[in-house]
Amino acid sequence: MSLSRRHFLGTAAAGAASLAASRVSFAQGAPIKIGILHSLSGTMAISETTLKDVMLMLIEDQNRKGGVLGRRLEAVVADPASNWPLFAEKARELISRDQVSAVFGCWTSVSRKSVLPVFKELNNILFYPVQYEGEESERNVFYTGAAPNQQAIPAVDYLMSKDGGEAKRWVLAGTDYVYPRTTNKILEAYLLSKGVAPADIMINYTPFGHSDWQTIVADIKRFGSAGKKTAVVSTINGDANVPFYKELGNQGIKATDIPVVAFSVGEEELAGIDTKPLVGHLAAWNYFQSVKNPANEAFIKRWQEFTRNPRRVTNDPMEAHYIGFNMWVKAVEKAGTFDPDKVIDALPGITAPNLTGGVSEMLPNHHITKPVLIGEVRDDGQFDVVWQTSGLVPGDAWSKHLEGSKDLIGDWVTRKCGNFNTVTNRCGS
Amino acid sequence: MTVSPLRWLCACGLWLILAVAQPLQAQPATIPADAATRLAEDGFSATEAAIGLIAASGAPHAVAALEAMADRRLLFWKDPARAIWRDAAGASFDLLTGEAVASPPAGASLVRVNNRLRGAIQAALGTLTLLSPDPQRRLRAAEAVLRSRDQAALADVETALARETVARVRVALLEARAALILTGTTADRPTREGAIATLVDVADTTALTVLRQVLPTADATLKPVIEAGIASIERTMAIRDVAQTVWFGLSLGSVLLLAAIGLAITFGVMGVINMAHGEMVMIGAYVTFVVQEVIRTHAPHLFDWSLPIAIPLAFVCAGAVGIAIERGIIRFLYGRPLETLLATFGVSLVLQQAIRTWFGPTNREVGAPSYMSGFFEVWGLQITYGRLWILVFTLVVFACLLLVLRATPLGLQMRAVTQNRRMASAMGIRTRFVDAMTFGLGSGIAGIAGVALSQIDNVSPNLGQSYIIDSFMVVVFGGVGNLWGTLVAAFTLGIANKVLEPFAGAVLGKILILILLILFIQKRPRGLFALKGRAVEQ
Amino acid sequence: MITLRLMRALAGREQVFLALLAALIVLVPVGNLVMPPDSVLHIPTGTVVLLGKYVCYAILAIALDLVWGYCGILSLGHGAFFALGGYAMGMYLMRQIGTRGVYGHPVLPDFMVFLNWKELPVTWWGFDWFGYAMLMVVLVPGVLAFVFGWLAFRSRVTGVYLSIITQALTYALLLAFFRNDMGFGGNNGLTDFKDILGFPVQAQSTRVGLFVLSVATLAATFGLARWLVGSTYGKVLVAIRDAESRTRFLGYRVEHHKLLVFTLSAMLAGIAGALYVPQVGIINPSEFAPTNSIEAVVWVAVGGRGTLVGAALGAVVVNALKTVFTTGALAPYWLFALGGLFVLVTLALPQGILGLLERRRAAKSTAVSPKAAE
Amino acid sequence: MASLTSALLYLDDVQVAFDGFKALRGLSLMLEPGEMRAIIGPNGAGKTTMMDVITGKTRPDTGSVLFDGGRVDLTRHDEAAIAGMGIGRKFQKPTVFDSHSVADNILLALKGPRGPLSAWFGARNRIEPARIDRVLEVVRLSALRDRLAGSLSHGQKQWLEIGMLLAQDPKLLLVDEPVAGMTDAETETTATLLKDINRDHSVIVVEHDMSFVRALECRVTCLHEGAVLAEGRIDTVASNERVIEVYLGR
């Protein structure tokens, strides 16, 4: 009884015929190992634990479908404990000791930067599922999260549109680290190019885990009282968001007056906040749990079943892992081998369906095409999609709006270079 | 549920008032069918048009329908176009006629709203509810009109103003009228000057917004008046800013004090360095979460009582954990503060991971009861209820603690034991019991702090860590063993932080405070209110 | 007599320790570079890097033991000195990247380019020169420790108070280095190093070289510390630890003595950080986290404070446990294990692992000695 | 009466208050070079505070504390400097370095440079063992040379501490309750020891044990409530009405 139901769900989740787990027979050979490198303790556990679980689920489902190339997959979980050097150490362990064929992991930019030399040295694959500041294209890394042009710029465009409220004055509030700094640099350049006066842009940085937002929220309120429609673009990170939104709610800033669009607040983060005072505030992502389509509904159902929690939410980085994993499977099948070096070359051009109804493609710069969705917070902690790009947006490794990188492109197919300068026609400079 | 009849009563009441106020106007009972057609188009612009139609219809159920739309309770069908709304109890009503619908057909979709539409609905509701019998509603309506600056509402505002008796609503109406007059084109110069004067009197951010908004387009003769008005408001606000900073500082100080006050007992009175202090705060916050979960599932109507229920529970839970730590670990380490520090740091790691294992690593939602949300204004100063209650609560806890220490047998014994353990023991005081109770008291108070902090911060396993360093700084700055010192230190640090923040920024401000503290401790190694004398030095 | 015997026993342990270091210097390069990869005796590069990290931690532990174990100054901010040394080395390594950064800028590191910095901040001047960078490795932590110590010891901030303000010091530095405006790479820190003194950082031979250098530095640090604590100065430090005011009434300027050992210890910590960075490949503000400093104190406590060898042993043991515990099924329980270890050590093993071994040996010898006495 | 210029130690109108409590209220005292002085007085009379003032631990609110014929103002110096000038102090509770051997305790106390570098690789490492032995002989601890100080008996610790004072070779010794907790025999020995020491050094002894004070055969000062109540030979002081009333009892 339960077997058949699981069978059904597995099928539904994958959208392909499969045999029940017990009946799957694998070809000869040891299982193929997949590394999962997400913090399970320390400050980042709050975000990353979920991604470990989603990977375990995806691998289980793949095995139920017969594995890859007839080989069973086996997950190897490492806990880098939110400690950046430990990320590098664990990555090395996964690759050289456990001989994994690919690693799915990292959340913060610094953890990615920390493992990067290891992946380059040992020539393995990292799938990085989180939206980030861009300005990177490495042969061994595949960026399945959003680049700034797939999140920040469309969000600002939306707020400038009639539907978004035609914002004229901008607060760029962020946590003081590289992602907000870079994103705000890009946005500032973009806004100025759109004719926004420098006096109409306020930039504010706060430390990690900032918890006393009284002054800043009051400042935003005052900045918003200049007689022009004001919007806040928030790149505030993780833990600081809850007190920030609580303060917004308490000081009565309503989305109809000053909308706040966030790039780091998803379903998972909202689960810790009472969203009633926040209805209408926005988030820009490439995926929302509330998107209606069969693939997404099956995914959510499977996830809630897998975690045995009917209220578990899904979010954007989970979808990124979903896409990335399926791309990896297809690339392995295309290459006919698990050898990371060959799989890296097979990956660009691979397509895989995403959960919002489109088909994402791995680009030569190792970023993927994604739709951009703007969602408004609902009182049940979910998002209402109020706007979305008509097609998929290709991810830019290098921002067109930054002085240093506007001439750079990443191209690992023809030019075999992550930072090719189109002006000098040279790789590197 | 009792809401729906109430709503109906309101709507009917409104209709009655409207009927009385404008007897000449025809009263169509229905909303034009076009509204349903536009809704069925399922586009934001079409929906906006529908809102206009509904608002303009004058139908008695327009208010209920618009409110339903804003709350995502309005459904539509295509072919044929039809729309109904559900009230909070789940009963369905036809949009056009307002009549109850027994069994709506299947295949409905929700009318989607975004911020723009929500703004439009608010504006429409504002005009429609200006004459509502409920003052709260009238206030919201006045604010909505002020926000929308919908010229058509001017006449209604005047009517409402003529009969308004509640002072707060009156001010809001006056401000709305002034805004409408200034942004409109019809009023003459004296009326405009009067409106400017009204706004200067109100002198809040909205008034400033309106004046700034009309300044560029105002005619040359009026410009100086408006400029003078803006300058006047800015002057008022500059003074207000100082008060605001002090309030923010007091509020931050109360949070610091709340977090540190338990430590002032365990560290200040007993001399135990409890690195797991932050985790006691965390336990208190999680107790609040559990209480709210239980209430949500079993007795939702008690939600506003969740905090009063959580406070004693948090005290007991955190206190019990504290006593367990004292009995199990700390008592073996008296007189070895540095070892205590290490052992309790270990305890803090274990507690964090335990919470992470049981409750998961993600943030947990702790809601704000009605009395903790929102804000009120005093002389233009916005005081958020949550912060105010936390400040009051902190002072109450502080007073209670003083009382316990000064006036109860336990307090007496505690002081006796800390001053001379051997003598106290010889006097028949059970020193071990007193140690455990003192530590339990300190931990329990930390737990109470957790209840309050759950209202403004993350409820996550990392909650405690973010307060531990600040708490130690407060206690050391204030002078160990001196509760009043802790109080003064917390508020001093809070205000200093808030004074520095606008100039130096939040990050640099915090760094500066830390450096100043380090330097201060060099100057007065024993804090602000150090006890002098031989007893202390030994 | 007992003291003498104890001294001899300790000296024996120290000999074992130094012999072990010598063995590491010989065996690890052979195992990694000479033995073929499929040999049982082959030591994978990953292990070399790991051991190298442990060795750096051991240096930090010895530095900490010098101030805590011998002088009773419980610094909860030694991670700051370690990180400062690391940053000095990291800045040198960043400057060595030259035009090989992703933007190919000849002078500015990548993170400055994409934040639109136009010129190199003053703090970075001279770091392209190895000698200057190495001077900074010891000088920056040293000067900070000197200034901080001069203020603190002069006004007689002691015990727990000192611990708390050292913690505040490292916390302030943590916040400061997180700021991108400081020009040290913010949260991302410094990473993606290319080469050191012309040798590619990633190369196997460089890694082995760095490892050997680290072990040699550990031996030298130990030697220096041993010389120091073996001299009368060591006795003065212990005297200060046990009875500070007595020492003062004997005419010793306690603050001078503390200041010297504190500054020296900070410099050693800085050297440990400098060796650590090229081996792990990243330096970032989280190294300033107060927790890191507390953890370092725990290594010393676990190994046995006031023994030097014990401190090094504790650093290696705790970190080896961490490596084992953070992979696979045990991962969620790592913090339980670490926390439990802290409690256990402070309650049951006040003298640490070394103390336990010592007691074992003492028990054995007393069991034998009555017969010998007869 | 001795004059300021000839006095080794000169306290005039010294006042110290802690949080309103006046520990010393106008204490004046003068000590000749080579003199031995016993200080008696009830608890709280200000004996230990007086010692704190002389050794630089506590700074007086008013009054002057002069040393060495008025040449040095002690209130301007800290403990280490004052110790360096030749004032040694023994605490009420014997304080020795428990984890050092008896010999090392003396080694640390011996007169000589006290800088950290000297201790690390300078002169202090080249102190002759004979100097240590000489001191140990005086305090009768030669046999316990290599014992850990922590393992000594209470009385032995008292002697070791006195030995450490001697090793400093100070001009003035301040000895706080040297015979507390000693057996009668030990007390007697200590009295002899102090008298021996007094041949080359000035000594101030604070003590409650009247028979011990008698045995010292020196001038006695009785303190009460932070000021001098009576001063003179032991018999004179002991027969003073006020002294009997506040201290000795009837």
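Which chain is which? They are A, B, C and D, in the order written, and residues in each are numbered from 1.
Heads up, the rule we're going with is that contacts are C-beta pairs under 8 Å (C-beta built on N, C-alpha and C of every residue); 3 or more make two chains touch, one makes a residue touch a chain.
Note that the structure is a prediction, hence the values are computed from the model and not measured.
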Based on the averaged CA atom positions, which chain is farthest from chain D? A
Pair exhibiting more inter-chain C-beta contacts, A-B or B-C: A-B
Taking each chain's centre as the mean of its CA atoms, how far is chain B from chain D in angstrom? 65
Cα-centroid distance, chain A relative to chain B, in whole angstrom: 31
Distance from chain D to chain A - Cα centre to Cα centre, in angstrom: 74
Please tell me the distance, in whole Å, between the geometric centres of chain B and chain C computed from their C-alpha atoms. 46
Hey, what residues on chain C touch two or more of the other chains? 175, 178-179, 332, 334-335
Please list all residues of chain D that touch 2 or more other chains. none
Where in chain A do residues touch at least two different other chains? 40-41, 176, 205, 207
Touching chain C in the complex, chain D uses residues 55, 57, 78-80, 83-84, 88-89, 91, 95-101, 104, 107-109, 114-117, 119-121, 124-125, 127, 146, 148, 164, 168
Quick check on the complex: what are the chain B residues that touch chain C? 273, 275, 329, 332-333, 337-343, 345-350, 352-354, 356-357, 469, 472-473, 476, 507-508, 510-511, 514-515, 517-519, 521-523, 525-526
For a test of understanding, state which residues of chain C touch chain B in their complex under the given definition. 74, 148, 151-152, 154-157, 159-161, 163-165, 167-169, 171-172, 175-176, 178-179, 290, 294, 297-298, 301, 332-336, 338-343, 345-347, 350
Would you pull the chain C residues touching chain D in the complex into a rising list? 1-4, 228, 231-233, 235-236, 238-239, 242-243, 245-254, 256-257, 260-261
Complex interface listing, chain B residues touching chain A: 44, 72, 112, 114-116, 118-119, 122, 147, 205-206, 208-210, 212-213, 244-245, 248, 251-252, 255, 353, 356, 360-368, 373-375, 382, 384-387, 455-462, 466, 497-498, 501-502, 505-507, 510
